[in-house]
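Next up, some structures in structure tokens.
Presented sequentially are two complexes of chain A, the first with chain B as partner and the second with chain C.
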Partner chain A sequence: MFNNTLDSYAHYNNLKNINTFFKVIFAITTMLVSLISSSPVVPLLIALVMSFLIVSQAKIPWKFYLKFLALPFFFGLITFIFMAFFFGVGAHILDLGIFNLAVTEDGFNLGLLTFSRILAGFTCMAFLALTIPMTELFSELERLKIPQIVVELAMLMYRYIFIFLDEAINMYHAQETRLGYSSLPKSFKSMGMLGSNLFIRTWIRGEQAHIAMESRCYTGSLKTSKSPESLKNAGKRNLILLVLFELVLLFGVYLTSNFSFF
Partner chain B sequence: MHIMEGFLPWEWCLLWYVISLPVVAYGVLQIKKITEKNPESKPLLAVSGAFVFVLSSLKLPSVTGSCSHPTGTGLGSVLFGPAVASVLGAIVLVFQALLLAHGGLSTLGANIFSMGIIGPLVAWLVYKGVQRVNGSTLLGVFLAAALANLMTYVTTAIQLSLAFPVPSFGVAFNNFMLIFAVTQIPLAIAEGLLTVVIFDYIMKLRPDILENLKVIGTKMKEKVGAVM
Partner chain C sequence: MNVIETKDVSYKYPDGTPALEKVNFHAPKGKIIALLGPNGAGKSTLFLHFNGILKPSAGTVMVDDEPLDYAKKTLMRVRQKVGIVFQNPDDQLFAPTVGEDVAFGPLNMGLEQDEVEKRVNEALKRVGMEGYGNRPPHHLSGGEKKRVAIAGILAMRPEIMVLDEPTSGLDPKGASQILRILYQLNKEGMSIVISTHDVDLVPLYASSVYIISEGQIIKEGTPQTVFDDEKTVRGANLRLPRIAHLMEILEKEDGLPFDKPYPLTIGEARKELLKHLKY
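Moving on, here comes the complex of A and B:
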């Protein structure tokens, strides 16, 4: 239900010390390439490469990674099946014989493409989420000219999410041990109490936070200690590899643009 | 319902980003104004955003047996108004994508549009509408939260069938709505009820917060105070 190990891996992985901006550009451009691909080949390739990088380079335990990937995988699979049956008007390639259900050619292709894009996009996002600590992502956001107030709100929110999750879990367990979730009406009552209590507590915390910040010379803006890294620190070799990798992928997109299984 | 990463073709990703960005930008301007006027509201907005995140990661007890998450946008919008709720919603969606793997970065624009813009807007309009005709506050909150949840899903269904109009927009829309109707209508009612219970407790325990936010009038506060 509550899972924050994702965040701890972001702080303790093997690729942590690589230039943050470089990692962001790598993940985002790869994601974009998979988006514009019109065949499932390149996205599937991207999913494999990204998974390889995450497991063998960043040294994220593969058990955790598989668990992380299970949700989008099954969702993608359901989408694939759904689209294969309902999203086609072309030739039938597999008749079930009941309810007039049949897998159609274009439905199958569309489903496979969507499935592969979900996997590719997801692995790219996993790369971002698992190798870059959130605090460093914030400093990258400032580089992208995102208004400072948004970055500050995001930073404060990030800090409080974990505190409130803790409190919510504590309250939830306390309620559960007192049979607060033994029936549906009780669940609603308990959940409502939890939510409202949490809101009131968050409110008090917010007021206290402001007092604490003000007593530490808060003048309306938060300063981060880490200034954004220059891309030059990433090293020439890495940059050339990045450009080459994306070009190869783009070439692959071009080559396989007319490819389909049926 | 979040649209998964990679689900939408790139043209649609771009379109929803283009539509959502001006609204979020307007919300940011609004927040800037508020925080410049009274700086103590900044940490309050932040903890409220965190609250929405935690609320949306709670499992909602549902009648059908399937568990799902409340969107939390209804409550946020009733408390802070749609412009601020849209910015908070956008930040929450980024966190959900990166911390929980719900939703995605390329589909962020589409998700902001359905969950961060349409949802809060509907909730706010409904709440204000019920207040205008002198309906009870709790009824307004229920309708606002339930309809915001429902409209979020309808918007998602429209977005999906626009992106995959196979064989035609209408048929695809019907398909998506059929799936959603079974699961989502009970969920919308569940979120409405839950929000009412939350709102009711807040009103009993700390009516001053709601009054400061101008959610309920001074009269309402006296009435609540008299009950206590």
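Moving on, here comes the complex of A and C:
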């Protein structure tokens, strides 16, 4: 399953033992740098560096990574095309000759910038998602003072996603066994039944989980014991490298601020 | 002394259907008690009375010879003393990691950080799951999940553990691992109540057996006395242990000289056979 593999890569990748907070800071600052860049050069560079880190350092199989990247890539591409045609005024650089459609300078640059930012932002997110297990992310969220109730809900949801995924797959197979998906109308009907059934199961499961929690003295709030890792454990060398990397990127942003293809 | 005792406990579901009727059950300290019964007989409902999740419509539940008064404080204390391991470990394991789940009970008891950590490690070691603390539960097998669920209860240091069908749905190895853990715990003084319909295993560990059917206790006693009454056993949709069944057939159909009480375990049957077959 897609979710299972994503989750297991997060748990068993090669960068798993690097300080979590360090990875979070690295991904977020890099993303911010890509957002303040006014030319597409730095974001594209960031996308390349992040992909390199994910594939060669974290040892995520590149086939899986490409599949993971495909969706946002095409989304970005479509955005690019639309922006190139429908945004901006100014000199035409390409005339289609029908319906007065033309690519303008403005539109092209804006589209390219958006596309590169989507890629950079997504690769930063992919770095987070593929190298940090959700479970560690929760304690980071707590450190960042995200309200307790939100973190608790996220924790419960994370756990139960996998249980309901399992149940949904089992029900799906059971329906398929009895030819529930043999035609389009039947598929709609079966899918609807699966959905409503899953909703009821969720309800029952929730009640049972609550009883089980009450049996262990649950009083309405989840207490956590984990104290998050200190950033000091990341090592001086890593921290210096991080600062240098971001400075180089910022310098790149400065240098390329007036750069454009047209 | 009884750790848990119910006196004439009756329970009706909110819609009025009776679920339990005048149940008298007691679990003496340091013993393993088996509660046998078909599906829907009221086993799980009875268990939920032991720690005050359900309140009987009539009758009293006693824990450590004190009647439950269902005040918040008492309930907290009782739930620490009476640990329930639920049938489906997925209902019980809710936390994103094994370690956090085991820590849930001790943290709710308001224990210190160090103590919680100590208990979590100890409990995981107890069930042979040390080193799994950071794993998410969905990466575990059924047997492993069950053992983590037991660790979650052990970490609260209960006086009695109540397990709802602890071996159902497990492969033979997983099931025997669970039973070995329970056996070991019992040897160290833990009182245990197990609900099951695996009649073959009951004579191996239980010191007394209750049969519950349609919300009523219809038979109680040592495994030997309970399984001697094969009519009641079969009437409750259960069966004799395979060994006893074989002995029964050998006696009744083939006229071999095996007499009641039939041996219930392989060990007993072996002794009995050797006695008759010495040549």
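The working rule: the second predicted complex is superposed on the first by the 244 of 262 C-alpha atoms of A that agree within 3 Å, B and C clash if a C-alpha of one lies under 4 Å from a C-alpha of the other, contacts with A are read in each partner's own complex, and residues count from 1 in each chain.
Here is the rule we go by: a residue touches a chain if its C-beta (ideal position, glycine included) is under 8 Å from a C-beta of that chain, and two chains touch if they have at least 3 such contacts.
On a predicted model such as this, the values are computed, not experimentally measured, just so you know.
In the overlay built on the shared chain, the residue A:Ser196 is in contact with chain B alone; chain C does not reach it. Once the two complexes are overlaid on the shared chain, A:Asp7 sits against chain B and chain C alike. When both complexes are overlaid on chain A, the residue A:Ser215 reaches chain C alone and has no touch with chain B. Of the two partner chains placed by superposition, chain B and chain C are both touched by A:Arg205.
Touch counts on chain A: comparing chain C and chain B, the chain ahead is B. Using the contact criterion defined above for the overlaid structures, shared-chain residue A:Met134 touches chain B and also reaches chain C. Shared-chain residue A:Glu176: touches no atom of chain B or chain C. Contacts of A:Gly107 after superposition: chain B is touched, whereas chain C is not reached. Of the two partner chains placed around the shared chain by superposition, chain B and chain C are both touched by A:Tyr158. Note: residues 4, 7, 134, 156, 158-160, 163, 205, 209, 213 of chain A belong to the chain B contact set and to the chain C contact set alike, using the contact criterion stated above. Across the interface of their complex, chain C is touched by residues 4, 7-8, 11, 133-135, 138, 155-156, 158-160, 162-163, 166, 205, 208-209, 211-219, 222-226 of chain A.
Residues 4-7, 9-10, 13, 28, 31-32, 35, 39-40, 42-51, 53-55, 57-61, 63, 87-88, 91-92, 94-95, 97-101, 104-106, 164, 166-167, 172, 175, 190, 193-194, 196-202, 205-206, 209 of chain B touch chain A in their complex. Chain C makes touch with chain A in their complex at residues 48, 51, 53, 76, 79-80, 83-84, 86, 88, 90-97, 100, 103-105, 107-109, 113, 116-117, 134-139, 152-153, 156.
For chain A in complex with chain B, the touching residues are 1-4, 6-7, 28, 31-32, 34-36, 43, 68, 71-72, 75-76, 79, 83, 86-89, 106-107, 110, 114, 117-122, 124-126, 128-129, 134, 137, 147, 149-150, 152-154, 156-161, 163-165, 168, 181, 184, 187-189, 191-200, 202-203, 205-207, 209-210, 213, 220.
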